[in-house]
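Next, two complexes with subunit A in common: one pairs it with subunit B, the other with subunit C.
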Partner chain A sequence: MMNATLAPERPATTAPVDVLTIKDLKAYYINEHFGVRREVRAVDGIDLTVRRNEVYGIAGESSSGKTSLIKTLAGAIRPPMRVVEGSVKFDFGGKHIDVYGEPAKMQAARWQHLSYIMQGSMSVLNPVRRIKHAFNNFAYRHMGLDATAFRRRVESHLDRLGLDASVLEAFPHQLSGGMRQRVTIALATVCEPEFIIADEPTTALDVLVQQDVLGLIKEVQGRLGSSVVFVTHDMSVHAAITDRLAIMYAGRLAEEGPTQALFDRPQHPYTAHLIASLPRIGDVSTRKSLAGKPPSLANPPSGCRFHPRCPIAIERCSKEVPQMLPSATGGRVACFRAGEVSMQ
Partner chain B sequence: MFKVLFDLLRYNREFLLGTLLILIILALIACSFFAPYGENDIYVVIPDMPPSAEHWLGTNSRGQEIFWQLSISMRNTLMFGVVVAAISRVIAIVVGLVSGYIGGRTDQIIMAVNDTLGALPNIPILLLLVFVLRDQMTWPVLALTAALLGWTHDSRLIRSVALSLRTREFTRHAAFSGMRTGQILFREHLPYVMPIVFFTTMNNLIWAIGLEVTLSILGFSDINRPTIGGMIYWANAHSAMVAGIWWWIAVPMIFVVILFLGLFLLAMSVNEYIDPRSRLARMGA
Partner chain C sequence: MSQNLLELDHVTKRYGVGGLFSHQSITAVNDVSFSLASDTPEIFAIVGESGSGKSTMAKMILGNEVPDGGRLVFDGTDIGTIRTRAQREAFMTRVQPVFQNPFEAFNPLTHVDTYLYATARRFTGADTRIQQEAKADEALQRVGLSLAELKGRFSHELSGGQLQRVAVARALIPSPKLIVADEPVSMVDASLRMSIVNLFRSLRDELKVSIIYITHDLATAYYISDRVIIMQKGVVIESGGARAVLDNPTHPYSIALKNAVLPPDPKAAAAAIRQRRALVEGA
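Presenting the complex of A and B:
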């Protein structure tokens, strides 16, 4: 009875289909004050594709351009940020959308095909309104259902996410942090979107709740056959949830590949250092940290942006920009000395 | 809502006192509907009688009973305040929310207008308008004029909150999901600023009533419409203090003080309820 109102589950396709294709994307924060033009190159020439039914991770330090990248691909940028070059294209089951070519189409696709689990569950929900209003305001118009059918759909969706229908009548402050995060996930997935962006959804949560939330995202993703872009700086979370992983450094991709292979045999020296910084059970040696700080995106170093901090940099690294080329482990890497770093 | 009110009445002495004072005023206003004489009838009772069992608050030199004059005056004065407060609230909310949310050049222009209006001295402008309009200056026109002058501080206050709401995640979320600007302002931001609106309304009411009393005492309003200021105007016109008819002046003064005090105590205690820090101080933390 309940299931009759639900859309049929999407059949899992065998052939990998690219849901998202980003080509040579450049998005800068451009400020002009008193005639002085300042560019912060937060996203600087990124190529990547996200396939159907996968969890794609994006990792990197703070100010490496992770959040700028996902804002750009969601079409959610505001001045002073601007897309300077490149394209972002979605393919929602045959429905093609060029984010920066057809903004109106993008607007209509939001929430229905593309949704967003935002950072900080505390502030995603309006503190002075009941949870049901968030569902009504955000999702109702995208579903094409009447009020009672919509309410039933929301309740059954909440039920599958392990939430009681009574949370709809609650205010955000009456729920625990974990419940709130579940509500935000429910809110983002109630329209059964093909593409979900998760921007550090576990950052403010403790480890147990984090585990729970990760399991939930993975489960919803598996059931809907959606693609998830998962952004966090926490490498252990990436190891737990993502299928493929991209490492960002100073607005560019450093390396991309299947998560397992990336952890086993990192090709880029930066990736190798990120992984080496993770604590391991039983290992009592001191964790090594990388000297220096992430470069300023307003005035990035020449050539490979990592070369000032790279232990194996050669002269060529400061002159030429390395391109993303296929790596030995089935991914792509942007390094002239790919695979040459050894951590142990 | 009722639980909050009940708690406030129980634990907040200012709120209790404020409520009692306002109830006195409301009871007085309710009496005006049962007045035995018309509001402008004169020489219906013996003039210049001091307060007694027969004439509770005495009678004035125009042969009116002060109690009934007071009740109708209080009704008119409060009505004026409520109208001013209501109109200026609408302007303040719209201006504050729009200006704060949209920001940028729009915000700069709106705030320039806002600050210019806020800097203008109110009384001279109203006096000028009274002189220009003369008989056309009925009380609704006066209320509208006062309302147009009385929203600037509160719109700035609302704007400051809207500025912070604009960068909150839930606003970004709402915009991302495709809600239009109007919907975001009305459904997401308005409920958030309601407590501020509630408490500034009381202050605005006090300001509006003060303005009306000031203008009426000076005779710059319709003198045939009984108001608190109008009562004092008539008393002065008949040299009530010289003639020893002190109750004619004292009664409206006492009651307008009761009204002000009641509204002030309510505004203060509501403010205290909204601000969690002062609530903590009350608990001795």
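Presenting the complex of A and C:
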């Protein structure tokens, strides 16, 4: 099941350091109903690396597999999800973790190096305990501060997110949706981990608070040169915070590259669509949604998975699977007609 | 004369904060009044600061929270007088919620389709499973899903955007007169978001449904709403026609909010974040 070959030794260069390396990753939800096997191929052949000191974005439409992918890389999967192929490896400054090779070690390392803000995570706060207990449980022992210094650090961190220290005494139900969302962001960032995974962490925030939260994440990331994997469907948020951006479509990557280049010269027609459909205030024209429905991951389209909805598809697209290859803009793209779609 | 579908008359809500014996309280909603007319269905947007009382107001309109001051009247009935089960059922047939966080709205141990059947049974009299499934599927199709995709699945087996659309679909089943939608599209991508707000618009135009649309997304608020109110710290600081208010906001907070919408360009957006940080730190 696991790919056991070791990567070749990396020569010492000044090139960016890869902290996370995902190789040919396939992770499916496998259910058996009355003897009928149903596979949802939510992650279906993904290669990518995340470097030290960068914010790596993952975008894509609803149910394209974003959450599934990052659950897999955080080692947070449970049945019916299974990694059926490929590997997920971290390298924290020489400390290697092969997530699906040695799961126990990952567990131990998890809270030390990595924190994961799950989608909708404001619902994971314990409803019968005050918020301060969550900080004591998750962060206190990792920070090596005495109780008073710890409390002071937490309070100033909350303040940066626009939250009053009194939220520590509150129960989750006494806070608004956006206040709870900020509490979980504070929990995940206060101990300044080397690797932060955030899944739609700003969906419940007004745009001013959203800017504060993005600013804080960027700052925590920059201070230690940490890595952040940031998942959202919101392309403006990607524009604001990510250094590199991957576009996911139906369980695979469609395109990846430096964020600015992707916005300026999208190479994949789906990327071009996402950027063209960005909403703007003041625009009342009926914007066209992408024709057709998101594909079923239990029975994805043949060839290029985007072909039934692609405005420039050719015959080859339904027969062959386009591979991720270097693109003209310094990234990678999986399209037989890369670069041919212009933005309307 | 036209009666109002919904009327909020100087509504105030306070919550006690701090421990049991503390006398501090916060005013989550402070003296809010507005009304929706019966004869002209509309999309009424509520935008504003996180924690400014939007969800609290939604809960009061749904009769799930009781105001400390003022009255809420739905179609001639003071919502505070709804007591019996029968009154409550009749009210809920006409007023349906979409709650803010779908991950909290669905019990993790119940199949999501069960919610749709229960809604169909309670509010449309569909008493066979076949009728209930038909109602559920019809509603799901309207939000780009289908019963076949969802049958027998738990909430944790669906993506965020799928779950949020199930919540919207559920609210459609009783054919209500008023939908109170608290952040109904926060987890869906721009393309689906447009199809859901276009659905709201067609509900308004074709089925004469009024919609209270609570959102942080000023672009869709502008795009579909007839009127908007902007809230900060429990108070309505600005209100009026959606286009007029959002084109030319006058209150400093409204102006700041509009200016904080991230520009869809990496250089400009990153610069906006840096500026905001400098501003907040300097203050």
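As a convention for this text, the second predicted complex is superposed on the first by the 272 of 344 C-alpha atoms of A that agree within 3 Å, B and C clash if a C-alpha of one lies under 4 Å from a C-alpha of the other, contacts with A are read in each partner's own complex, and residues count from 1 in each chain.
In the analysis below, contacts are C-beta pairs under 8 Å (C-beta built on N, C-alpha and C of every residue); 3 or more make two chains touch, one makes a residue touch a chain.
As the structure is a prediction and not an experimental result, all values here were calculated from the model.
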Considering only the touch criterion stated at the top, classify A:138 as touching first (subunit B), second (subunit C), both, or neither. first
Query: Between subunit B (first) and subunit C (second), which, if any, makes contact with A:76: first, second, both or neither?
result: first
Looking at A:37 after the superposition, I want to know if it touches subunit B, subunit C, both of them or none. Which is it: first, second, both, neither? neither
Of subunit B and subunit C, the partner touching more residues of subunit A is C
> After lining up the shared chain so the two structures overlap, which partner does A:126 touch, if you call subunit B first and subunit C second: first, second, both or neither?
Replying inline: first
- request: Kindly classify A:204 by the partners it touches after superposition: subunit B alone (first), subunit C alone (second), both, or neither?
  value: second
Check the residue A:179 against both partner chains and state whether it touches subunit B (first), subunit C (second), both, or neither.
second
Dual-contact residues of subunit A (subunit B, subunit C) 119-120, 123
Per the touch rule, the subunit C residues reaching subunit A in their complex are 15, 17-19, 47-51, 54-55, 100-104, 144, 149, 152, 157-162, 165, 183, 186-195, 198, 216-220, 222-223, 243, 246-247, 256-258, 260-270, 272-274, 276-277, 280
Per the touch rule above, subunit B residues touching subunit A in the complex are 168-170, 172-179, 183, 187-188, 191-192, 194
Within their complex, subunit A touches subunit B through residues 74, 76, 107-108, 110-111, 116, 118-120, 123-129, 133-134, 137-139, 141-142
Seen from subunit A, its contact residues with subunit C in the complex are 29, 33, 60-63, 66-67, 119-120, 122-123, 160, 162, 166, 169-170, 174-179, 182, 200, 203-212, 214-215, 218-219, 233-237, 239-241, 259-260, 263, 273-275, 277-284, 286-287, 289-290, 293-294, 296
